[in-house]
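What follows is a single structure, written as structure tokens, with notes after it.
Going by the order they are written in, the chains are A, B, C and D; count residues from 1 in each one.
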Amino acid sequence: MQEMLDLAVQVEGLDGLELVGNWHVNDDNIYEVAEMFSDRGLKICMLTPDLWTQAKWGRGSLAAPDAPTRQAAIDEVRKVMDWAAELDCPYIDVWPGQDGFDYCFQADYIEAWQWFREGLTACAGHNSKVRILVEYKPKEPRTHCFVNSAAKTLLLLDSMDNVGVLLDVGHAIYAGENIAEAAALLSSYGKLDYVHLNDNYRSWDDDMMVGAVHLVEYLELVYWLRRLDYQGWLTLDIFPYREDGVAAATQSREWIEAFFRAVDRVGMDEFAQVIGRADACEAVDLVRRAMNI
Amino acid sequence: MQEMLDLAVQVEGLDGLELVGNWHVNDDNIYEVAEMFSDRGLKICMLTPDLWTQAKWGRGSLAAPDAPTRQAAIDEVRKVMDWAAELDCPYIDVWPGQDGFDYCFQADYIEAWQWFREGLTACAGHNSKVRILVEYKPKEPRTHCFVNSAAKTLLLLDSMDNVGVLLDVGHAIYAGENIAEAAALLSSYGKLDYVHLNDNYRSWDDDMMVGAVHLVEYLELVYWLRRLDYQGWLTLDIFPYREDGVAAATQSREWIEAFFRAVDRVGMDEFAQVIGRADACEAVDLVRRAMNI
Amino acid sequence: MQEMLDLAVQVEGLDGLELVGNWHVNDDNIYEVAEMFSDRGLKICMLTPDLWTQAKWGRGSLAAPDAPTRQAAIDEVRKVMDWAAELDCPYIDVWPGQDGFDYCFQADYIEAWQWFREGLTACAGHNSKVRILVEYKPKEPRTHCFVNSAAKTLLLLDSMDNVGVLLDVGHAIYAGENIAEAAALLSSYGKLDYVHLNDNYRSWDDDMMVGAVHLVEYLELVYWLRRLDYQGWLTLDIFPYREDGVAAATQSREWIEAFFRAVDRVGMDEFAQVIGRADACEAVDLVRRAMNI
Amino acid sequence: MQEMLDLAVQVEGLDGLELVGNWHVNDDNIYEVAEMFSDRGLKICMLTPDLWTQAKWGRGSLAAPDAPTRQAAIDEVRKVMDWAAELDCPYIDVWPGQDGFDYCFQADYIEAWQWFREGLTACAGHNSKVRILVEYKPKEPRTHCFVNSAAKTLLLLDSMDNVGVLLDVGHAIYAGENIAEAAALLSSYGKLDYVHLNDNYRSWDDDMMVGAVHLVEYLELVYWLRRLDYQGWLTLDIFPYREDGVAAATQSREWIEAFFRAVDRVGMDEFAQVIGRADACEAVDLVRRAMNI
């Protein structure tokens, strides 16, 4: 962890890091972890319960077909909420990657949906200092995850006040969503709580640097984040498999700043006017001017 | 129309046909149309307002950026509802194919969503004899349609009692959905009202015959339709571009019946047991036995 | 045609247009057409035999399962070659959109491949003033076209000296190709003869304006076109369904020029150096600087 | 290894296994390995050089941008060829998964292609008892692999007599190929040497059991394998992440046998006749009868 944090501070503009429960934090090291972060002026922006790496989650967590596993998942989420509260971390990220199915005839869709809602409800009120965020993803490790789109997540969380949504931009892209539309939809339901940034080639969670592929879509997203007055974290969730991690994070931050510059270059009003006219030729002209190419 | 109906009666097991407002039905011919159907023992199972072929819908219908077009769409839907009531047709199919966007920065996602809800609400109570069904589709003619998945449609229709959903199986497939899961989700919200059957290669609305590609998924769908006690129409929405229409419809019907036979071959209880065990090996074994291969 | 040409001259920088045999050119009007073009200082850059709209091509053209259709296709191609020669147009575009299949068990892949090779060979030497270009496309109107990738086209044209390739950038994108790689591959076999420009969302031939989606890929393509010393036409093949045609063409041209400016901004040498180091972080940095964002 | 082989013999009908060089075989254990196989009556059907797991292949193997890595890859392939010869294994599987690129501007497509051809040529004649097979795959671990389709592999291997192709059915599916067409194409160039069987959902190498998704396509493939008189191995390359390995292999074998039964049910002649008529309605009827549903 020390090593990770020492690398992290080399990334200019980095204010915090996400941690995973049991991987990085446990009952024994919690105060030590808090100190390592405060020593470096870093925040813990997210604590994620590990609901996917251990064998016991092999057939699901909150929506597993057997009741004891579902209860174990609820217990795990609650425990991590308490750790988060101790660490002054306002969010936990429930990413139900193992809840889904690989083959047809392997899931009872009606029951799974109810189990999910019951499990989240059972967790939601556990610790009022911590808000649960659900992170949707279309697939992997399952070939089909149940919670696979912005709209389905909103439907799942209907009437759960203390539960919000984590929008992972890469997940939205390979779920076939327009990412700005996803952000706007979540925001209009009061549930655009947190954003993960990365990029991919639309068919898999490649976790590439920002700036890799979707320049137009990212520009539109950044415009909408500003328009929606999004004040939350912009966190990198990249996986620099062959790259230097500090360099990859730095490049991603440079691209994000470039998109904000591009929005400023044209100005919020002009964006609004072009959108209002719904004219494709004006739209591509706007993008070219904003990009400054 | 006479010609179309004369072809239709050649398809064994065909009980009814869908019509499009203004294409097939108008104020002048409505009783004549009713008679043509009753003469042949056919029902009009659906009347669809034309919200996509005329130039005035080029930038949208119920969610168009300009208010007069939105009002014109509401008027069109209401008029077709009245025609449907006259024809004893219980449903109209609102397919908002032009409501969406092609390019980034061409749509105001927040406003479009509100306009959609306002428009549907304005239509919903217009004629109590007729239920509005919304048909979702990921794209075409727009590169992005707003109403593009089962979950998003349910979200859109939240608290609209007299509005349901038309599940077009091909649309669901190329929206990346598991079709049985989509049917189950819609049903659990009381909105699995009507089903269009066809098949495709997952990236476009090829409107192929049933039996063309997705045998496992169709088998699972048919099992769930029976389990959900779906009593509605199973309508073919195929486009036999190079084929004889009667032969293509006949083959599709044969395949549908074959899937029902396959479900019966194994029995509902065994399906439920295999699903309950969530075991992939049992699932593929079940499929092989059901298919009788 | 007059009207089309009068619109065309409104697009700044437009030097020529493509025509389709029988749609625009026939034995009776050929000199009249030539004059309309020369009057306006426009060139005919391509003549395309119509091998897809008429009913006789419904099951294929050069690779149709029946011999008379195949012969008719050869005759059509040869006739259009002669028209092209008369019009000083150096290319004809063989786009075999109907040669393929929709369903499994609908094509004899071995025979179709041979028929294609025989047909092209029969045409290749017909008129030495005109070069046949084959345009590949993954699908539409067929769900599967036989000639669906750069590599497969090169394989098909093996040892056919007077036959080259038309790279339609949109076709390459939704065939899953990296477009710069496709251009380089074709060029290394001496068959990058002609380029169609447009853009799409990777799953269909949306025929959108340049600048719509694939900015990074287009920048890479333009770099490679310059490096490969491509001197051929850059033709727009866009379909501005809801847009003003002149405006859409103008925007596309502006984007193309912007990409060339972006390449110049950084310089060919630096591109080569970054590519040589195969470093992803340098690559995304290069793109950001070239785009000037 | 003992454990693996003891599990393997539990799969009815299994005749051999593939091994990976250095993982399973090295200079020290080669005779021991041979004995373990012969003791159980098993063959080593394939030996695969490990060109992907070690850090030295991180930027490529046979087409790496630096010459020493390319030479190391050639040496590795040759060494494994010699081991294969010692083990009476007639094939090695060159799967160049690291040869490709993740980002635009990260590869020199022209040079990479030449390096590939030079490397394969340098290996091809090394040991006349062993045939090199190249296994294509569209992506993973790279977002773009150079050798990504049947046609591109054939182009790459042009005029290399002692090098063939390994068709991994799952790779072909998510490369967007029709698998029967890919088999026929490879066979017509004398390079359908070996087949890997598995299934997936068309966007990733899910390595699922045969019978999971593509029933129609698999039926067509099996028909063509028989028609092409394919006599080579049919090897399972599945990854039963959550399943019992023996059960998953057994189910896959059952499905393969079922497809052969289905072909026999209708008979080769009838398949040929239906294909010859290129009629979609007959094709889906044929599939239904063959499947016996």
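Keep this in mind: a contact is a pair of C-beta atoms (placed from the backbone, for glycine too) under 8 Å apart; a residue touches a chain by one contact, two chains touch by 3 or more.
Keep in mind it's a predicted model, so treat the numbers as computed, not measured.
J.: For the chain pairs A-C and C-D, which is connected through the larger number of C-beta pairs in contact?
T.: C-D
J.: Comparing residue numbers, which of B-D, A-B or B-C shares more than half of the contact pairs of A-D?
T.: B-C
J.: Report the inter-chain centroid distance for chain A and chain C in whole angstrom, where each centroid is the mean of the CA atoms.
T.: Here chain A and chain C have centroids separated by 41 Å.
J.: Just curious, how far off is chain C from chain B if you go by their C-alpha centres, in Å?
T.: So the centre of chain B lies 37 Å away from the centre of chain C.
J.: Please compute the C-alpha centroid of chain C, do the same for chain D, then give the distance between them in whole Å.
T.: Result: the chain centres lie 33 Å from each other.
J.: Hunt down the residues of chain D that sit against at least two other chains at once, touch-wise.
T.: In chain D, residues 59, 102-103, 144, 209, 212, 216, 242, 279-280, 284, 287 touch at least two other chains, as defined above.
J.: For the complex, which residues does chain B have touching chain A?
T.: My answer: residues 59-60, 65, 101-110, 113, 138, 144, 148-149, 151-152, 154-155, 158, 175-176, 178, 180-181, 184-185, 187-188, 216-217, 219-220, 223-224, 271, 274-280, 283-284, 286-287.
J.: What does chain D use to touch chain B in their complex?
T.: 202, 209, 211-213, 215-216, 240, 242-244, 247-248, 250-251, 254-255, 258-259, 261-262, 279-281, 284-285, 287-288, 290-293
J.: In their shared complex, at which residues does chain C touch chain B?
T.: For chain C paired with chain B, touching residues are 58-59, 102-103, 139-141, 143-144, 200-201, 203-204, 206, 208-209, 212, 241-242.
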